[in-house]
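Starting off with a structure, shown below.
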Amino acid sequence: MKKIGIADTTFARFDMYKSARDELESIGTGYTIERYTVPGIKDLAIACQRLIRSGCDMVIALGMPGPENIDKQCADQASRAILDVEIKHDIHILEVFVHEDEAENDNELAELADGRAREHAINAYDLLFRQDKLQQAAGTGQREGHPDAGPLRR
Amino acid sequence: MKKIGIADTTFARFDMYKSARDELESIGTGYTIERYTVPGIKDLAIACQRLIRSGCDMVIALGMPGPENIDKQCADQASRAILDVEIKHDIHILEVFVHEDEAENDNELAELADGRAREHAINAYDLLFRQDKLQQAAGTGQREGHPDAGPLRR
Amino acid sequence: MKKIGIADTTFARFDMYKSARDELESIGTGYTIERYTVPGIKDLAIACQRLIRSGCDMVIALGMPGPENIDKQCADQASRAILDVEIKHDIHILEVFVHEDEAENDNELAELADGRAREHAINAYDLLFRQDKLQQAAGTGQREGHPDAGPLRR
Amino acid sequence: MKKIGIADTTFARFDMYKSARDELESIGTGYTIERYTVPGIKDLAIACQRLIRSGCDMVIALGMPGPENIDKQCADQASRAILDVEIKHDIHILEVFVHEDEAENDNELAELADGRAREHAINAYDLLFRQDKLQQAAGTGQREGHPDAGPLRR
Amino acid sequence: MKKIGIADTTFARFDMYKSARDELESIGTGYTIERYTVPGIKDLAIACQRLIRSGCDMVIALGMPGPENIDKQCADQASRAILDVEIKHDIHILEVFVHEDEAENDNELAELADGRAREHAINAYDLLFRQDKLQQAAGTGQREGHPDAGPLRR
């Protein structure tokens, strides 16, 4: 039995946790889920660390940075801290950030957040249970939340 | 009995410590407060570390970066160092920065600094004593010092 | 017998692993190859660390960042994390990134990705088995994937 | 008896060490000074570390970055490394940087360098010997080398 | 007997190693030199670490970043990793980078690379054998490869 941690924020404007959990449950079994909610994306790194210390074999970090320059800077700080935690504990953390300026309106943004959370939930499952599936897709231009780019056309 | 550390600076132009302490006292009990004042935001990381080494279970870091490009760079350095300390010690540090160019005039800036310090004081309390409250607010677009953005309207 | 690790992504739009492996096999023997595929470039650092912990004496990290500003930021985060892993374990990691905006069209980009992966495979082999070859080429303007710049003409 | 370390550079165009030492001597006693001079600001972090390993209870890092973009990048690298050393050893390092483009001419720049070094020397003394003085000045808009900004006028 | 490590790259377009070694030999004795050549500037940090682990008391890192934005980003990553290694091992690493866009033509660039390597070789020697010489030059506006800026004229 594996344990998957999911960290999310009250700052985000969409419940990406629900999307990720729903997708995981539709893929398969063999794992439990633990959740840790924090105020903002800068708090995600310690949330991930606490999930790992609580026994998680894999963590998904869900965040939704704002559209301003200062938000980009905060997202960058958050990402680097998450990477530090990942390397320190040698446990995969899949960072799932949706930037508010990636979509034209609220509806599109919600679709994107839902889709990206779901596709990274599949990545989490693959990394834990079926790594050969990732190897088969290597170099094929996979994208999460957007249509796949596909392999280069020569 | 928990201990909450509050680090602040002589550089800031508003006494955010007072706002945070006042708000904490209005929420509930079960904690003591320890304060550590330093010259500027770059000194906040070590202030946080010393508060943690002194036994704090939670730290709030209050700062007010200036409006120039070099101030943004300093704030970025300060934030990353604070994140390093947080991960190293596995203790939440809520960074509460108010940028001088976030408001039109002194009065607005003071309102913002007061409001943000208060709302993060509530976050600190929730992380320590009632984490379920945060989980219930996950993905709902909470903001600190500004009106909440709310969940995406679909 | 040495072990060379190769980390790659499903995000990349070209199978650089195949190019690197093919080139290595054409140079010489004395090594085995281990592969670790992850979703994106931010996952490469932990992939490298796991390859090192699995006994690799040298790692090649293959990635293909997108053309947007946010992609540049992600590539920067990924590079720094890879450097952290390299220093932590004292094992060479050759970062082989091909940026989507380095070429005019898909065909050129594929040529570049293939060429750069092959030339860094040679670098990996040289660092492992014939370091004197690198020393002889010091200061001579070697480039990977592009024509060599050559030494300064005085 | 405390020991205060002062790190400085041959790159700087003003002897900020002399200003800092002079100011310290005019404030009080109870400390000795140790100096470590390096070529440039990137060498300040290791200078600070060596001063700390030599027993310093407090360090002042004096530097004068140039006006170009590449100088800003070097200053950023230097600042982050200084912060790393500070957190690693849990000893305050007051970074005193004067950027060449902060003043209109040589004379102004010298005044600024002298003033900032002196005011941070006072900060160093306060952090070591009279921390309550800092606490009383919290949130009052103190500046070093420039006139104080003062508290927000509401 | 001290040992000075010199790390350099095949990417550089000038043999800065030769300049540094030549200058060192013209200054004095009491040291041996060890060299480690890598492909690019991002590989310099681990080269420095390996030189330090091999017993070097001082390291000089020679690199020549390209003129593009992405080259600046790589140089920044390389510098930070070199600083990490320096702090981790408490051994001075003098970073000697010459940016391709610092000069108008190949000839000027070669002069600059030669001059900067030589002047930092002197810095290395001074840090190892005659630190008082650096202290005497503190705050006097020394430059490496360019004419000295000199102290501020008041």
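Letters are used for the chains, namely A, B, C, D and E, taken in the order the chains are written, and counting of residues starts over at 1 for each.
Everything below uses one rule, namely that a contact is a pair of C-beta atoms (placed from the backbone, for glycine too) under 8 Å apart; a residue touches a chain by one contact, two chains touch by 3 or more.
Predicted, not measured: the structure shown is a model, and the values here were computed from it.
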{"item": "Touch-network distance, chain B to chain E, counted in steps", "value": "2"}
{"item": "Separation of mean Cα positions, chain C and chain A [Å, integer]", "value": "25"}
{"item": "Distance from the mean Cα position of chain C to that of chain B, given in whole angstrom", "value": "41"}
{"item": "Shared-contact residues (touching 2 or more other chains) in chain E", "value": "80, 84"}
{"item": "Cyclic chain order when read starting with chain D and heading to chain E", "value": "D, E, C, A, B"}
{"item": "Complex contact set, residues of chain D against chain E", "value": "8-18, 35, 37-39, 42-43, 45-46, 49-50, 53, 70, 73-74, 77, 80-81, 84-85, 88, 106-107, 109-110, 113"}
{"item": "Chain C - residues contacting chain E, complex", "value": "72, 76, 79-80, 83-84, 86-87, 90-92, 94-95, 99, 120, 123, 127, 131, 134-135, 137-144, 149-154"}
